[in-house]
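Shared between the two complexes below is chain A, which has chain B as its partner in the first and chain C in the second.
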Partner chain A sequence: MFEYNFHWRPVLKTLPDLIQAGLTTLEVATLSMVIGILLGLCLALIRMNMNGPLKWFAVSWIEMARNTPALFQLFFFGFGLGAIGINLTPYTIILAGLSFNCAGYLAENFRGGFQAVPDTQLKAARCLGMNAWQAYTRIVIPQVFKVIYHPITNQMVWAVLMSSLGMLIGFRELSGETQFFASRTFRIFEYFAVTAVLYYVIVKIILAASRLLAMRLFRY
Partner chain B sequence: MQDSISFFTGFGVNDLWFLGEAALKTLWISVLSISIGTLLGTFFGWVLHEGKLAATLTIAPVLDVFRSVPLIIQLVLFYNFAPIIGLNFDPFVSGVVILTFYTAALVANVARGGIEAVPPSMRRASRSLGMSYWQDLFHVVLPIGGRAVFPAWIGVVLGVMKDSALVSVLGYVELLKASQVLITRTQEPLLILAIAGAFYFALSYPISRYAHKFEQRWSK
Partner chain C sequence: MIQVRDLHKHFGDLHVLKGINLDVNKGEVLSVIGSSGSGKSTLLYCLNSLEQIQQGSVHVDGIDVHAKSTDVNKLRQKLGMVFQQWNSFPHLTVLENVALAPRIVKGKSKEEAIAMAEKQLKHVGLGDKFKHYPNSLSGGQQQRLAIARALAMEPEYMLFDEATSALDPEKVGEVLDTMRLLAEEGMTMICVTHEMGFAKEVSDRVAYFHHGIMEEIGPPEQIFGAPQSEHTRKFLANVR
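Showing the complex of A and B:
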């Protein structure tokens, strides 16, 4: 039927390497999500509560992250910073780019989350004698996390998918590894088909884990 | 007699035109795939809503694959798969095909949400006023559900427009690829990336602002 002969053997032989690279993908995505959540939380708080240059900085970060392609941001961290003498390793480029991007998107999610928690919660906490830090970390932020738990899960999936851009800046995560093997054996279709399956599995695992975690976290 | 030849020439006004033209290409490929993808996705969303079990077992998993595999992998896979089944697509057509399906997969969920946002009692009321099924769908569900999911749809549009940067992997010279070409020639990554970023920003930011204004007007 096809004139093309499929060769799956080289792919299967390097499957352990691909799975190993899949773990790298997961690692870099998780790390950038952790950094992104922390930065995003700060950005959201700054954007809502402060004025002056700090607010301007937060707003421009958020708008830059949301209105330019992730690949562009990676190029910026790679080539752009390289031009002014800051040479990052591919791993750092991916980590910085993804964190920058996630922080921007998550900041807006956090903002929505903060708006969804009624003001009276904060006031009540302060009335009960908590200081601002306690009120935020024990009353407000847990509720915000509950509101934006689902968006955070989505963002995590996006982070995994975005990390595939590492292929274009020479980082050997799942896609980069695939590209490497594919160009060595010229079995491009076979390699990328297997990688697509691996990504699908990774995403499904994340969604399942998130659902399990939600069941433990949010039961009453 | 010139004693040394310079391979790199500086950034000139012509290059700005080059980038502008590339930005139009980005716009063109996005408009094309978003409009076809939205129509297709709305149809899929309707099928998902009406088809119940049959649709959940057939097209839902297929659409899910488009959302769970990185776009870049989809593009490479399709570009290398098409010749196997005897189709010779150029990068532009391959890009449009994949971006269209990608958009459709994202819009399908949005459209289903829109249909489900219309209370069943309202649809029953319109049917009992003598509207046919299709009249109900076009004159009641579309305006009301459409407004409910308009922000989500704008999110998809902006996402796809930014993701169209990935078509550069196949060799289609759109905005980001053009900036890469210029960087290679002029060796001024920071300047050119800033300009390319400004173009993306100029494409994306007005849409998000305009959509926000619409939203506010409707919510009044």
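Showing the complex of A and C:
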């Protein structure tokens, strides 16, 4: 019926390289999530509590991150900044692009999370003499994190999968590496099939880790 | 001593407090009664600067509560507050709920804060709940937790904002008993309440609020026995 002969051997021979690239994927996704969470928290707080240029800045960031293709955001950090003479390495481009994107999505998650914690919690904390910083860091934000814990996990999965766009700007993460070997051996289907399995395994590991962490963190 | 002078509070167009004058002495228990929307709870919020005021002044032990130079975080350590919705911190154990503020606000050591928390929790009858999370407690227990949490800051005044209004009827008694205990120990208390029995029995004085005005204030025998104001009479006739 069809005359394609599968050849898995070249793929298996380069499996260590693919796994190495998978770790790069995990690294860049994790870093961009850490940066994204910090920036997203700031963006949400600015959006909720401030007015004027700062609020405008935060809202524009969130709008652009959420409503344009992630690929275009990467191109902005790659070719856009390149056009005005700022040349970033592929690693920096993917890290900046993913962080920018995650921050936008996470900002909205945080905003929902803050709205879900009753403002009487803040009041009660302030009545005990806590200053605003203490009340937020000890009372409000820990509760916000519980509300948005699963959306954060979701975003982490999304970051892993989205980092495959690195392939298009010449970054050798898992997809980039796969593309490199596939074009050298012409075993394109085999390579991407194996890589799909690797992505699946990475995501499953993240979900399992997230579940374990949740059991430790949220005992209430 | 708490001194309130010509206090006015507006929420937008709404004139909620219309010139309140009130002195509360050390060791006194004052109950504040009146229908919903009469400004009783707002008065409490103005005492510890949870709400800003538009006119007049509030002094607590000589400190001008609403002056720009006043450190509200320091001031609030003097004034424990218990809310209608008990507001326990759900992510902390019962013990941590009480020990947190003494440690991070007053700078006590961990051991001291825990010892204080254990003492106050035993005081309100929660000595067997240290490791529980608030969501496993009943409403009455959570409200007693809120009282212990406020007491752990060693306040000089306790403000109760309808502390029993959100409770199941059979849980009201245990919270009132705890409040009664505090009153007997000489704590200065201002209780906004709908519990006329409590107001009558425990208070040294009762104030009746009507549409943002303090209609009448006096010993419980006067307010409940021989009210001077027509409004007070009508209100009490309706609640009984």
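One rule holds in what follows: the second predicted complex is superposed on the first by the 217 of 220 C-alpha atoms of A that agree within 3 Å, B and C clash if a C-alpha of one lies under 4 Å from a C-alpha of the other, contacts with A are read in each partner's own complex, and residues count from 1 in each chain.
Throughout what follows, a contact is a pair of C-beta atoms (placed from the backbone, for glycine too) under 8 Å apart; a residue touches a chain by one contact, two chains touch by 3 or more.
As the structure is a prediction and not an experimental result, all values here were calculated from the model.
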* To do: Look at A:147 in the shared chain and tell me whether it touches chain B only, chain C only, both, or neither; answer first, second, both or neither.
  => neither
- Message: Tell me the contact category for A:88 with respect to chain B and chain C: first, second, both or neither.
- Response: neither
Of chain B and chain C, the partner touching more residues of chain A is B
Q. Where does A:214 make contact in the superposed view: on chain B (first), on chain C (second), on both, or on neither?
A. neither
>> By the touch definition at the top of the document, which applies to A:121: first (chain B), second (chain C), both, or neither?
In response: second
- prompt: Is A:4 touching the first partner chain B, the second partner chain C, both, or neither of them?
  reply: first
Original post:
Where does A:31 make contact in the superposed view: on chain B (first), on chain C (second), on both, or on neither?
Top reply: neither
- If you stack the two complexes on chain A, which partner ends up touching A:134: first (chain B), second (chain C), both, or neither? second
Listed in rising order, the residues of chain A that touch chain C in the complex are 118, 120-121, 123-131, 134, 138-139, 142-143, 146, 218-220
The chain B residues in contact with chain A across the complex are 65, 68-74, 76-77, 80-81, 83-85, 158, 162-163, 165-166, 168-169, 176, 179-180, 183, 188-190, 193-194, 196-197, 200-201, 204-205, 208
Chain B partner, complex, touching residues on chain A are 2, 4, 63-64, 66-72, 75-76, 79-80, 82-84, 157, 161-162, 164-165, 167-168, 175, 178, 188-189, 192-193, 195-196, 199-200, 203-204
Chain C contacts chain A in the complex at 48, 50, 73-74, 76-77, 79-81, 83, 85, 87, 89-91, 100-101, 104-106, 133-135, 146, 149-150, 153
